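One chain, subunit A, links the two complexes that follow: it is found with subunit B in the first and with subunit C in the second.
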Partner chain A sequence: MKKLRENPALLSLVIAVAAIVASLWLLANPRSTIPFLLTLGSLLAALLQPIPKWLKVLIGGAILLLVIPAAGFKNSFLFELGIQTGIYAAMALGLNVVVGLAGLLDLGYAAFFAVGAYTWAIFGSPQANEFMPWKIFPLPGEYFYLFMLVAVVVAAITGVVIGSPALRLKGDYLAIVTLGLGEVVRVLANNLDQPINFTNGPQGITPIQRPPIDWFIGLLDKFGLQMSKAEAYPLYFYLLVLVIIGIVTLVNIRLDRSRFGRAWIAIREDETAARAMGIPLFPTKLIAFATGASFSGAMGALFAAKQLYVSPESFTLIQSIMILVMVILGGMGSIPGAILGAATVTILNVDLLKSASDYLNDLRNAGYTLNLGFFKYNFANLPNQLEPAKYERMVFGLIMILMMIYRPEGIIPERRHVLEMKKEES
Partner chain B sequence: MLEILIQLLPSVLLEGLILGFVYAMIALGYTMVYGVLELINFAHSEIFMAGAVAGAEVFILLKGVIGNPFLLLALAILIGGAVAAIVAILVERLAYRPLRKRGTTNRLVPLITAIGVSFFLQDLVRLIEGLWHNAFYRRYPSFSVFEATYTLPNWIGVLTILATLWLAFWVIAYFGDWLVRLFSKKERAAGRTLSIVAAGLTLVFAFFYRHVIFADLGMTIQMKSILVIVVSLAMLYGLNWLVHKTKLGIAIRAVAQDAQTASLMGIDPDVIVSRTFLIGGFLGGVAGVLFGLLYTLVHPYVGFIPGIKAFTAAVLGGIGNITGAAVGGLVLGMLEMLGGTYLTFLTNGAMGTEYKDILAFLILIFILLFRPQGIIGQQLGEKV
Partner chain C sequence: MSEAPILEVDRVTKTFGGLVAVNDVSMKIPRRMIFAVIGPNGAGKTTFFNLLTGIYKPDKGKIVFDGEEITGKDPAWIAARGMARTFQNIRLFGSMTALENVMVARHVHTKTSYADALLRTPRFHREEKRALERSMELLEYMQLAHRAQELAKNLPYGEQRRLEIARALALEPKLLLLDEPAAGMNPQETEDLQRRIVGIRDDLGVTILLIEHDMKLVMSISERIAVLDYGSKILEGTPEEVQNDPRVIEAYLGRGAAEEAS
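Right after this comes the complex of A and B.
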């Protein structure tokens, strides 16, 4: 391993070969999990290891834009996975600003996701006719892009509204108050079907308009790919998510290096010292909160369009916790960490736990008997409560505890953190 | 309308008081742990839940063996409390102590661990229950002795109404005085003046509404509610004795004040922290059993809402303050019942009972913003 690191040419070669082998395997077996994970692993290695930049771009582009879409046509679940990963990655990046950079523990982050989702859901469906005097709803799908911006603004305003009381508090209190306010948003979404029907209550809102993609189908047609709308939408959303992730990452990097980013980190490290350096605490925190919220709001609008359906159930505490787990796993304050954390947790939650459940179910239904000589077990006796997919809380809880005890800085620690550690060692 | 609201008042307050005792016992766990570790033990709501589920198991398993429901309840309380205490000690030992030993400066680390433990425990209990019974919802069996209702004498209701009216008028008088002071240079009115004004207003009000207040209010109480009150009072009294009269209590208070100095006095802070978790966990477990007795259905996710409410209660009373937690629990229970009942009533059901959870959060935020030391806490300087 050490030898590899010292020889960039060899390293590049190894990674490139690994990426090609994994990609080919995935293309041959688009439905199995292992080649998919290997492909992602080689992508990750390419992005994180010290290899030439052109090779990184080449491998990254090839896997994200060619291999996964190509495999996705045979197994559309890959698109679903990619879209969800992307949505969560953008949200993790947003929460990373709040938790990672500014050090404000926000346990109600799903509230902003809900605000964004409902912003488009209400106006992109007949729901708005319930309380608006003019009956022009649903708005046509073109408005979706406009409403992503609207969702950004509305979520940022919500962030300011929630943040103004909450951010006057510190640490533990802030966490529990944001948790409470997050629940308040969910309860409101659940109950605002009377006296005036804004959110349609627990039934949720459906159908929600999607952005029109006729031009996209036409474009694909020119490349010789003929697709129906149902086939093209996953691809379109996948590409849209990739673009958004690119923008969000760029914004994050710029923010991280901006005056605000440094102010946030200063507040995180020591509030008193930051104040002494002339940083206005409350406004700076509020900006962090609103920035984080706006990312979440945009992804909410996208989520509503993708799902065609929103209901309060999608915005519970476990959602907020899941996004927090992504940030913690990847490394608080670290941008690649947030993306990696989002990918890991999403794949774990959406794919691995469900496949494990299916696998156990198959074993049970087949009545398979495990025979180790001294130990015999018939899987038909397996209790049907034992379904890994239903124990996401346990998994998330374990990740949080273990990370905090053994590696609180995350898988990919923040650069500043690494530099600090090095300084301490020398 | 007003007639019904007034006549409902005593029953609603009684319901709130009973719920408040449960909150008070959970809140004590939060406040004691906060006292010694300055950590909000998010997992305490799951310790409460563990007690509730263990109590349900005791009831269900031993129902056929032990005929006497009171004996059964006593066993359930003991075992539920013990299970919760063991869980609490294990949580401290396995999750919080490693962090303490490493000496992290980041305030988020213990908090995130606590949240993780909370989620882990929810699904752990679900797994155990699921493997054991193939279902994770447990129901407390009902006993006719516990369900029996008793009518309370009418004067209790009348006194409750009068006292509440007096309190309400006192608050009105206070804000009236505040309004007057906004526009004139009048001195702040003395508390005694306000009390007398409020008493006078109460008498006038009571005279005009005498047919409402002195009517037959028909307050009833169930045996299980009486049991909840008795057990909670016994627990609160026992805790008070433990904290103020025993060596362990003195040690706990010493560690809460200054762990380092306490260790110089021959107190092992680790042991004391562990004992604190034991006591808090036991109280939480007993509260869980009483909660199950009141609401019958328990499951691994039952702890979340009562946990948040109890935390609110602890903050309301001033976190770290043991008397405050008990008082805060009672006050919150009553406020919540009042809010829940009257809100639904006044809006003709347009605002359902879910809004009462919002009420608790709003109280929490309000208290944290305007009186972070709680209603009977003292102001603490900011530590740098």
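Right after this comes the complex of A and C.
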């Protein structure tokens, strides 16, 4: 490993070969988990290791824009995985501003996701006819893009409304209050079906309009790819999510490297000293809170369009905690960390644990007997309760505990943290 | 003196429960002066600083800074008016670099809006460049330029103290409050600090208000000294006057010592 690091040319070659091998394997077996993970692993290695920038762009572009879509046509689950990862990554980036940079523990983050989702769900479905005088709803799908911006604004305003009382508190108190106010949003969504029916209550809202993609199908046609709408939508949402991740990352980096980012970190490090240096505490915190909320709102609108259906079920406390886990796992304050954390948790959640369950089920159904000589076990006796998918939360809890013990700064620590760690080792 | 004093403290009192931490203290600090506040441990010196900078709100009394009443105002608001401070127990932003620490204090001198930062407008680049240049100048001035990219918490103690001063100067203050700047320094470092404090006043025209236990430092650079004991100001005068006053000896060493000395 050390030798590899000292020889950038060899390192580049190893990573490039690994990426090609993994990609080919994935294309040959689009349904198996291991080549998929290897492909993502080589992508990660390419992005994190010190190799030339053009090679990073080449490997990243090839895997994200060619290999995964190509494999996705044979196994549309990959698109689903990519879209979910993307939605969570954008939200983790938003929460990273609040928790990672400004140090404000927010346990009600899913509320803003809900606000964004309902913003499009209500107007992009017949729901709005229930309380609006003009019976023009659902709005045509073209309005979706406009409503992503509307969702950003509405979520930011919600952030200001929730933040104004909550941000006067610190630490644990802030966490509890945001948790409570976050639940209030969900409960409102659950109960605002009367006296005036805004949200359709627990039944949720469906069907929600999607952005029209006839132009996209036409475009694909020109490249010789004929696809039905049902096939093209996952690809379209996948590409849309990639674009949004790009924008969100850019916004994150630009804020981080401005006087706002510095003020947030200063507040995180020492509130009293930050105030004594002229940083107004409350407005600065409120900007961080509203920024995080707006990211979540935009993804909510996208989520509504992708799912065709929203209900209060999707915006529970567990959602907020999952996003927080992504930020902590990846590394607080670290932009690549937030994305990696989101990918890890999502893939673990929707793919790995389920695959492991399926594998165990297969063994059980086949009545496979494990024979170690001194120890025999017939998988047919395996109780149903022992399915990894049922232990999702325990697995996350375990990961968090191990992370806190062995790597509290996260998988990819904030850049400034890396400098400090190196110093301590020497 | 024709000019109005930079700071006027008028009968300020602060109590914590039954404890009177600062009791009816008044003070006038003329511009461009090096003014020291001394007193035994627990005399209320740091509380007094916290009242001036707005961290605590006085129960009674009035504080006027540069012609403007600041009693009970927000610390950030007061800092933006030109009052900067350092802390007795160093309070740097540990996981930021030395340069970033200084740049944080440029916050009030940059008008870059949120939209500017997102769109990277010419104004953003202009102001960011100016903040960077000014911060590097200050690091150079405090002889820390070689440490610019290091994390604040990794700097040696003496440099952390200097970085705190550099950060405070980035506010471009009219009044600089130094809370025990020589604490934990060896004699050479203290001597160096002494030259720097005088230099800051002479080069930048900043008024300096100093809390310090190192009597050699206090007596050699202060032009006026106020003595606090049990929260009350017991004396104010020139170093000579203070040095020879039995009340000061009593405050520090107790009544018996004071009688012996006289």
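Things worth noting here:
Here, the second predicted complex is superposed on the first by the 419 of 426 C-alpha atoms of A that agree within 3 Å, B and C clash if a C-alpha of one lies under 4 Å from a C-alpha of the other, contacts with A are read in each partner's own complex, and residues count from 1 in each chain.
Criterion: a contact is a pair of C-beta atoms (placed from the backbone, for glycine too) under 8 Å apart; a residue touches a chain by one contact, two chains touch by 3 or more.
Owing to the predicted nature of the structure, the values given are computational and were not obtained by experimental measurement.
Looking at the shared chain after the overlay, A:Val97 reaches neither subunit B nor subunit C. Of the two partner chains placed around the shared chain by superposition, subunit B and subunit C are both touched by A:Thr272. Look at A:Ile405: by the touch rule set out above, it reaches subunit B but stays clear of subunit C. Measured by the number of subunit A residues touched, the leading partner among subunit B and subunit C is B.
In the superposition on chain A, A:Leu386 makes contact with subunit B only, while subunit C stays out of contact range.
Within the superposed three-chain model, A:Ala343 lies out of touch with both subunit B and subunit C [touch as defined at top]. Contacts of A:Ala189 after superposition on the shared chain: neither subunit B nor subunit C is touched. In the superposed model, A:Val115 lies in contact with neither subunit B nor subunit C. Of the two partner chains placed by superposition, only subunit B is touched by A:Met394; subunit C is not. Subunit A residues 272 lie at the interface with subunit B in one structure and with subunit C in the other.
Listing the residues of subunit B that touch subunit A in their complex gives 39-40, 95, 98-99, 104, 106-113, 115-124, 126-127, 130-131, 134-136, 304, 308, 311, 315, 347, 350-352, 354-355, 357-358, 360-361, 364-365, 368-369, 372, 384. Against subunit A, the residues of subunit C that register as touching in their complex are 53-55, 74-77, 79-80, 84-85, 87, 91-97, 100, 103-108, 110, 112, 114, 117-118, 120, 124, 128, 131, 149-151, 153-154, 167-168, 170-171. Note for the complex: subunit A touches subunit B at residues 99, 103, 105, 107, 165-166, 168-169, 171-173, 175-177, 179-181, 183-184, 187-188, 190-191, 194-195, 272, 317, 321, 324, 328, 332, 383-386, 390-394, 396-401, 404-405, 408. Residue ranges of subunit A in contact with subunit C, taken from their complex: 251, 254-255, 258-260, 262-263, 265-266, 269-270, 272-281, 287, 414, 416-417, 419-420, 423.
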